[in-house]
Structures are given as structure tokens and as C-alpha cells.
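A short worksheet on the structure shown next.
Order of writing sets the labels: A, B, C and D. Residues in every chain begin at 1.
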Amino acid sequence: MTLKFGLLGCGRIGQVHARSIKALDGATVVAVADALPEAANALAEATGAEVRGVDAILAASDIDAVVIGTPTDSHFDQILGAAKAGKAIFCEKPVDMSVDNIRACVDVVEKAGVTFLTGFNRRFDPNFASLRARIRDGAIGAVELVTITSRDPAPPPVSYIARSGGLFRDMMIHDFDMARFLMGEEFVRLHAVGAALVDPAIGEAGDVDTAAVILTTASGRICQISNSRRAAYGYDQRIEVHGALGMLRAENQLETTVELATDAGFRRDPAQHFFLQRYEAAYLAEMRAFVEAVTSGTQADPGLMDGLQAQILADAATHSRETGLPVDLPAA
Amino acid sequence: MTLKFGLLGCGRIGQVHARSIKALDGATVVAVADALPEAANALAEATGAEVRGVDAILAASDIDAVVIGTPTDSHFDQILGAAKAGKAIFCEKPVDMSVDNIRACVDVVEKAGVTFLTGFNRRFDPNFASLRARIRDGAIGAVELVTITSRDPAPPPVSYIARSGGLFRDMMIHDFDMARFLMGEEFVRLHAVGAALVDPAIGEAGDVDTAAVILTTASGRICQISNSRRAAYGYDQRIEVHGALGMLRAENQLETTVELATDAGFRRDPAQHFFLQRYEAAYLAEMRAFVEAVTSGTQADPGLMDGLQAQILADAATHSRETGLPVDLPAA
Amino acid sequence: MTLKFGLLGCGRIGQVHARSIKALDGATVVAVADALPEAANALAEATGAEVRGVDAILAASDIDAVVIGTPTDSHFDQILGAAKAGKAIFCEKPVDMSVDNIRACVDVVEKAGVTFLTGFNRRFDPNFASLRARIRDGAIGAVELVTITSRDPAPPPVSYIARSGGLFRDMMIHDFDMARFLMGEEFVRLHAVGAALVDPAIGEAGDVDTAAVILTTASGRICQISNSRRAAYGYDQRIEVHGALGMLRAENQLETTVELATDAGFRRDPAQHFFLQRYEAAYLAEMRAFVEAVTSGTQADPGLMDGLQAQILADAATHSRETGLPVDLPAA
Amino acid sequence: MTLKFGLLGCGRIGQVHARSIKALDGATVVAVADALPEAANALAEATGAEVRGVDAILAASDIDAVVIGTPTDSHFDQILGAAKAGKAIFCEKPVDMSVDNIRACVDVVEKAGVTFLTGFNRRFDPNFASLRARIRDGAIGAVELVTITSRDPAPPPVSYIARSGGLFRDMMIHDFDMARFLMGEEFVRLHAVGAALVDPAIGEAGDVDTAAVILTTASGRICQISNSRRAAYGYDQRIEVHGALGMLRAENQLETTVELATDAGFRRDPAQHFFLQRYEAAYLAEMRAFVEAVTSGTQADPGLMDGLQAQILADAATHSRETGLPVDLPAA
């Protein structure tokens, strides 16, 4: 059986997912849609798919699953439409900027009984996935302290930041999901700090570019997250988990394994700079997991509830940073 | 000229300092004192010094400087006595459990004009000192985010913990000093969390064994500190500083440089377990710095104000952890 | 323009190259051939190509280039046939077990003027390619000493070894090519030693499983190569080049970036075990280079002369090991 | 009981050993001798010892052991004199430039029954000693291939090289001893190559500055050694041992554990440059081992036979390099 896909959104991330589908056995792109005709045409040509409208894709009988890679404010309608049409849904993060909207989606998706995967691609990174598997296998005993470091090579344009929902919703949301993924216990309280240290214009736009958050669980376990919009040495993505029996950490992926030794010392390459390169294997594994979930009729992981929980944490961190006070987290 | 020392306290740390003095040119131990006669006798024999009482040492005309390595509750009287006697003072941390007492010492020591060094030995670790020197040399531009990880191999006895003043005053105080040392700007606000995850008996004794703190400066810079009383892989002492131009980090010192590769992978040694081994070079450098400061008539660094500031942070963290709320820090 | 390929040989390596061609823009597999019909059929289905006979492929007007991935003793005839038919040739290593045969191919291929690439895939490994580019850029000044370590996870069956031409021709030939690639000056003398330390049956089959070679150039530069047929920790592929200004080295690619710290120390993953995984990126880059060379009408690198030189070195090492004496190398 | 030392030779290495003796319990320097009165006086003052002549030290009833740190051509007479006087002997490497002379010493020392330690300090380096202990403990099974890399930061003056006996006797002799130490089986054949690549003046003085040697044992085990008189990145001292179950390697000791990450990548410090710094711990452990051997009346390790064997290998390598041919090694 071949899973037949309709792609909503043919931008950078849509192209990534199209490439993954093409590389997988048992999956094919049937149709693509985009508000920009030239984007849709280009991806159609590259994949051998047809260009259709979003509604046509949702209504099509020859399409089993949709990938939602459109702008965030289109997600809500497309999720509801796809769920009602009984199509499996692969939705990019964030699911929606409004927690209420996501809750509404949860109802509809659950009723429809369709497979839903929220695109937290980092869970599928081979390094992070391996680290988490070893936690589950007991390699370090009970988890006590999770430390997540996430730094972008350079900030996006301030115009993007201004409409991004802010660092906690736009960037740290990945780390909130990772924190939940690793901790295995929900967080009950959170305290966030942040400032615009990289670029004052980011501060003027109402956002921060450097931030740190402490989260705690009911049993007292702790997670530290720090973010920066700038890292001269590449895309800095590290995880460290400390437990009763030891520590697991995942280091950066450097551009090569080459080391140069001179009178200045021993120098290795910068970290891979570009997120599509850094997470290339993750994007492919993510799509494979989705295809397998749909094909086997099981729920996908991370699902819609994970998208909801991460958004709740991002909202709380935004609020905590603004008020300077910790926030007690609501149950999902 | 040879600097003539009187040692107050002949326990483990007193012995360390005696060894450092012996190894340095231009310094000698003239007399030692301890409440336990056998401890005093043993160190006297090892150093070739006399055993005297504390008061005799403070009054002695053949002694230029004292090392205060007695229990913390003796520090206050000994500092005042030594300052009034015009002796240079090397005092172990914490200076005193009471911020008010330390403030009182500041007055007396300043009036006396004697050299005072607070024994934050980690500043003198060659790795950390080098890291900080590179910050000052501009290697990473303006500091934005400091991350300090400090984990002991195993918790001390609960009986010790019960009278230790708690993790923030007993253990994290080193990290508070390191944070100030690295950041170069005073902190204005702090939020601490913690729990007894290693041993419930520590919780029953009113303390935590796992903790994390976020500190911020007036300009928005951030410091994260995390502590655990247990680390299976040795004495975990790491620093990471992120700045405008890059990152500096100091890794653990492992027992050897040997790596074993088998079908289980590539394995290096645990971190050096014992703090006296890990900080052996630091203790010697610390004493050398003190001798140089006294000999040249300059102030020592870290001084008494650094001892005060660290204690203020430790008190604030203790309070924050208990109340669950951030604390605005008073000026020193 | 699309380069149209005929694949001779549909075994493991033929499948790798088929996958690479499929992944590249501007290249397509038109036909495949294999002595085993089921192998040919399977690869035809996977690529959408036709099954044809070798002669039909060589004679076909709709085929521009052939990939020769058949058993080594078929290479000679297929190279001559393809060259005479004016087809570009991508030939797996070793080109032929007989240096005389390779010399005969050189004549024919040069006369035909077709592009020829010898499949020394390791030159295209991103790490090794980067290391070599830095040598050329002067990062370490003049090269003085090259050290190549190459160890397989486990020996092949003795039945394979018995007809393999021996370790120097079957395994170390890659390292001979790498040595030439890195050194940039031909070798003039060689001394080889070896023994069957891994498995006595390999010795009984007339071969060695552990070997070391020293090569020197006319100007006195030195290369050390060591091989083992067994490495418990994975596929061990390292290079180190020492020059006037410093050293470059390429380390192994480990399975993940994860490190586990326990009371046993700090443990990273084994090296990637399987050569197809380890050199996945290299195989793709190699095919890309071939397509670009053919398309632009330039010579490919490594070419047929590189295949010849490596075979000369492998023969000399085999002889040196047998006689226990160094061998002066003939000019190519 | 305190072991009473006479020091013959008060140069750089004599001072190192004096410092070690001073730092050890149960050992003291009674007298020192040097052809230069000011050198003897300085070390006498630093240690609290007397200045005496060599003969007076050898004849002294208040001296138990001598450290021979004089120029190599004085060793022979001093060894014979000390042995006949019944004194334990700590002799710097090389024992003597003449294998026959060393053989003569063996006879005399064995007859005298005195403890003799040959100063191959690297065996006592904590890293190398630990690596070897793990081999003995079976961590990697049977040893198959030993690789030793040894590079000095910069060549000594050509005037020194001219009277040094050549690179194999002056520098690689340490590595020959290390090879024997690690392999645990004597070598039977050796092939050496070398050239003056660092400085042509070294070649004009009849020596090489870059060299590689392959050694084999009767059972076919292999050792590769490479040396260079220049390494821009510090004192490069590495060992790698490959065995049936895996690999052990000892990496360089860097100046600090600090890493700097910038847009140029991740940079660690150079290797420790100065051999006295790099082997500080080894020198102390070496003297401790000697004191313990003398005190307990056991033989020291490495003994005089180890000095002999290393010299035989160095002679053979010198000869092999000159003739271009392998050398079969005589039994000791």
C-alpha cells in the first residue's frame, strides 16, 4: 500500500517534507497547494505531483494524508477541514498561536479519529532520540535535572520577530517539547527571564533574544532551558540529562570530523549552521514515523496534545518573563 | 623577605594550606593552632612549626599573616582579632553565616588596612582563571549568558548537612562567587528552585540536594547555576560563558587522558573525584596570590567584599527556594 | 541535459550507485545488467530501468555512461568495450588485479578520450576531502608525515580472502590511493610487514590480517599505513597529516553524538560499523563528481592512472611482505 | 628509614630529581657534585645538601644511592664506581652510547647486587602507566599493533644534534623503551626510514629530524613509531595500542581544559610544550618507584637490561636508516 499525500504549503519546509516523502518507500505526493502559484508549480514539477487548491486536496478521494506547512494562521481551518475529511494530518509547529484553538482542534481530531503528528522534528534527531531511548532503558536511573541549550546562528529579521509570537513561542517551543520528551513528567511551575542583548531592535519590537527558563515538576525535578538568537560557532543544539546513576549528553554536530593543530591549539569545525542540514536525518525519520503510524492505524507521537502542551508552556513563559514572576502551569 | 604564617585550624583544609606555604618561596609556617592538640602537633611536626594557642598567634610579633581554617563559627572573632593585630588574613569560605557579621568584619578590616583574601579557591583553578582572562581579553565579546554546573560525587553525611546552612550557603556559594567573577556585573534579581531528589533524609533535614538558580543583572545578562550533591562520574565542575562573539567553556579534568575503545564504544575516565586533587593547583595558586598581595602591600582578590556578596546571594537563594518567589538583591 | 547510465553489476555496490544516480539531478539509469537475472530485475524495478545484457548496454545509443560494478575479473573486457563504444566509464576498484591489464586499459581509454573515474570513494568523504583541501590551502605547510589507520569491524569469510588478491590489494589499496591523494608526491620505496593475528585460517589461506607499511618519497617524506581486519569498536578510518606548520587529522564518525557518563567514566558510541553507512555521503559525492566531469567533458579525478598507481603499490607491498625486504617502486 | 642520596650532575635533570627527592617522604639529598662549582653550589643551597666530589660521594658511608645525571660519557665510570661501592643507582638515559659498555655494566651491577633504575621516565607518566596496566588487565585482549607518536615542539641546536648520537639514540630511544613496555614481547626485526625535513642543517650534520620505524616480534605483532623534531602545537606524545578486543589510546595533555568557540570553530589549547611540565608527575613517580625498590630490596623497573635493549634498538634503527634495509635484532 502506498500512502498518498497532499501538501499544503510549498515553501521551504513543504519542500523538505516533499523530499522526505519521495525518499520513503510506501509514500507518494499526489498533489500540492500554495498561495503562490509559482511555488506550487515548482514543487509539483520536482515531485511529479499535480497542483490543486487546498479545498480540492481536502476533498480528494485519492489523498490519504495532508502535510500542513502553510503559515501558522492557516493551520486551524486546514486541521479542521482535514480532520472532517478523515485525512491523516502532519502539521508543522506551532499548531496554532492560540491555546483555545488548539483545544478546539483536539476535540475535532479526536472525534474524527485521524492520525495527527505535530512537527516537533527534534524528537526524531538520531542523537536526541538515542539519548531519550537510553533514559527509558535506565542508563542513568531516575531523571533529576535536564539542561537544554538552543542557540541560532543569527537572529531572523526584526520584521519576522515582530509577528512571530515572541522567542518563547517561536523558538523555545521546540525546547519545551524536548523538555517534556526527556523528563517524562509534566511541569507544574515555570519561571522565565530574558532580555534583548543581541539586538536592541528586537527589544523595541517587544521581544527578547536571550532567555532562560527554569521548570519544575510535582516531584521536584528540574529543567533549565536557555536560548540565544545568536551563536557565532553555528547552530548550537545541546542536551544534558542528569540522573541518579549518571549523565547523558548530546553534543553538537560539527561540519566535519577534521581537527587542525597549530601553534594556536587544536581547532575543530563550527557546528553545522543551517537547521535543514542539522536536522536532515530528523525530518526524514519524522515523516517515516508518520507514514508508519498512518499505515498501521496507530497514534503518532508527538501528537496534537504535545502541540497543546508546548504552547501552554510557551504562553506561560511569555507571561512569566513579562511579569517577572513564576507561573503555575494549568493542566492540559 | 619571608612571610611568616600562623595557621588557625589544622584540619584537612589547614593541612592543604600548610603544604602550599611550604612549597612557596618567601613563605613559612611559624606556628599552628587547633582545638585538638593531636591535630596541631601533627601539623607542627610536618611543617617544622611550633604549636601555639590562637591568642598567642594573634599577639605574636614574629607572625605576619594568619590562615583561618577553623570551623565557620570561629571566623568572626579570629578575623576581628587578627585585623586589630595588624595581621594579613587568609580566611576560608564562608567568612561567616551572618551577613551582618561579615559587614562588621568589613568595617574592622578596612580600618585596619590589612590584606584579606577570601578562600574562593576555584577562581585560581588554571582552567577557570584562563577562561576568565580570555573573557577580559575580549575573546567572546560582551558576556550574555553564564552557565555553571557543579556536582559533588556524593552527598556529605546528613548530620553535616543539618548544620551546614543548606546547599546554597554550603555548596553553591562557590558558584555564586564564580558567577560574579565571570559576569563582571552585579546581579539584581535571583530565582532559586530545589528539591531533595538524591536522598529524602536531606529533605527531612530541611535542605535540598538538587537545585537550580537563575540570576539576572541590571543590563539583562543571565546566569544559570545548577547543583547536585551526587554525580556518579566524579566531581563535575564545568563553566560555559556565551558572548557576542562566541562561547568559552571549561570541561572537567579526567583522571587520565586514556581512552578505551571496545564494542561498547569509546570510554574515557571519570572526572577526578576528590576536590583536593581536582583543585590542587588552585590551592597553591591561591596561596601564592595571597603571599604576593601581602608582600606587595596590595589588596587581595577575592577580598572580604566578595565573601560578603556571595553570602548575600546564598541567603537570597535560600529564601527564594523557600518562598518559591524571585528575590530582588540588595546592594552590598 | 540528462546523463543516461547503464549499470553493469547489480550487487551491493551497483545498488549504491543506482541510488546515487537516482538522487542526482541530471542523471538517470536507463538499463541494468547482471549475471543473475533476479538481481537485475530487482534493481530495474527499483530504478525504473530496463534489464539488458552487457553487450547490449555497451552498444546502446541511448546510453552515455556505464558504471562497472561487476566482479573484478570482468572489468578488463568491459572497460575495453565501453571505451571503444565511446562511453564514459565509472569503474569500481580494483580496476584489475593485473597491472599489465590496467596499462592496456590506459592506452585504450586515452585513445578513446572517454571520461574514466576509478571508484576510490574515500577521496569523496567530506571529512577526508576537507582535510586534503586544507593541506592544499597551506593550513599545515609542507607535508612531512602521513599516518593512515584503516581497520574493518570484522574479517570477511576466509573463502573471500582466499580469492581476494590479499589484504594489500583488497583492503589497503584504498589507503595507498589515500596516501597518494594526501602526499602530493609519488612514493619511491616501500616496506611492508604483516601477520595473521586475527585468525590463523587467514594465514593458512596465504594472507595476513594485520599489516603495516612505510612508504617514502624522493624528497624523504614518509607515510605510515596500518590495517587490521578487526576492530571491536567499529569501522576505524582515520587520517593524520603532519606538516611544517602543524597537523590535520580526521577522526572516526561515531553512531551518535551522545555521551554517557557513569561511574565507569565517559562513554561515546562505537564508530559507524558498516562501510555503506560510513561512506554514504562519499558515494553520492563521487557519482556527482563523475556526472559533472562527463557533462563538462573534463577528466575525472581519481582517474585510471590512479587506479594503476594504487595497484602498483599493492603489488609491491605484497612482494615486500613476502620477501621481508623493501621494494623500490617503478614509475607508473 | 631515610634513603640518603648523592647527586652526580646538577644540571636541569639533576635539579628535577633533587626536587622529587625533596618532595618524597623517606628520602633526602646528602651531597651533590658537578663539574661546574656554581651549579653544585646552587643545588646544594636549594636542597640543604653538601657539595662533594664524585669520588667522595661514591666512597661516602653516609650515602645509600646515587642519581647519575651527568653527561652520557661519564655514566660508565660512575656506574662501575657506584656498583663497586654497593650503592643503589638511578641512571639517566641513555645509559651509555656503547652497547658493549652497557653489557659490561650489566655484569658489574649484577655481581654487586645493587638496585639499578634506568631513567625512562615516560613509563611513569600516569596516562601511559594506566594504559599499560589496562593492557595487562586484559582490557583489549592480546596486543596486535602498537603505534607511538612522539614529536618535540622544536629541534635542539644543531651543535647538540651533532654530538647526540642521532635521533634514534637521542630521541626515539624513549619510544623504543615504550614499545617494549607496551608490547610485552621482544622485537626481532626492525626497519627505519628518516630524512631531514625540518632543517637541512640537521641533514648536513648527518642526522634526520623526521623518522618512522616498523618493528615486529617473533609472533608477528607490529609496532609503528614516528618522530619529528618539530610540532607547532606542542609536545606531541601519544600512544595507541590495538588488540583483539579493542583499542587503548593516550592523548596529549593540553595546557587547560578550556575550549573557545567562535566563527572559526571550536579551539582547545596547544599541548603542554615543555617536557618538564609534561612529565612532572612522571619524574616524581619514577623517583618514588626507585626509593621503594631500594628500600624494599627489590629490583627496579625499568632496569639496566631495559637500558641495554633500548640502546640495541636505537643502534639497529640507525643502521637500518643508513643502509635502507631491515635489521634482524640480536638477542640482548
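The rule is simple: a contact is a pair of C-beta atoms (placed from the backbone, for glycine too) under 8 Å apart; a residue touches a chain by one contact, two chains touch by 3 or more.
Since we're looking at a predicted model, the values are computed, not measured.
Engineer: Which number of steps is the smallest that gets you from chain B over to chain D via touching chains?
Structural biologist: 1
Engineer: Which chain maximises the distance between its CA centroid and that of chain D?
Structural biologist: Of all chains, A has its centre farthest from that of chain D.
Engineer: Could you please state the distance in Å, as a whole number, between where the Cα atoms of chain A are centred and where those of chain C are centred?
Structural biologist: Centres of chain A and chain C (C-alpha means) sit 40 Å apart.
Engineer: List the centre-to-centre spacing of chain A and chain D in whole Å, with centres computed as mean CA coordinates.
Structural biologist: Chain A and chain D have C-alpha centres separated by 58 Å.
Engineer: For chain C, which residues are shared contacts with two or more other chains?
Structural biologist: If we look for residues of chain C contacting two or more partner chains, we find 231-233, 245-247, 261-263.
Engineer: Under the touch definition given earlier, write down the residues of chain A that touch chain C in their complex.
Structural biologist: Interface residues on chain A, with respect to chain C: 126-127, 130-131, 134, 139-140, 245-253, 255-263.
Engineer: Would you pull the chain C residues touching chain D in the complex into a rising list?
Structural biologist: 142, 144-145, 147, 149, 151, 189, 191, 193-198, 210-212, 214, 216, 219-222, 224, 226, 228, 230-233, 236, 242, 244-247, 324-326
Engineer: If you look only at chain D, which of its residues touch chain A in the complex?
Structural biologist: Going by the criterion above, the answer is residues 232-233, 254, 261-270.
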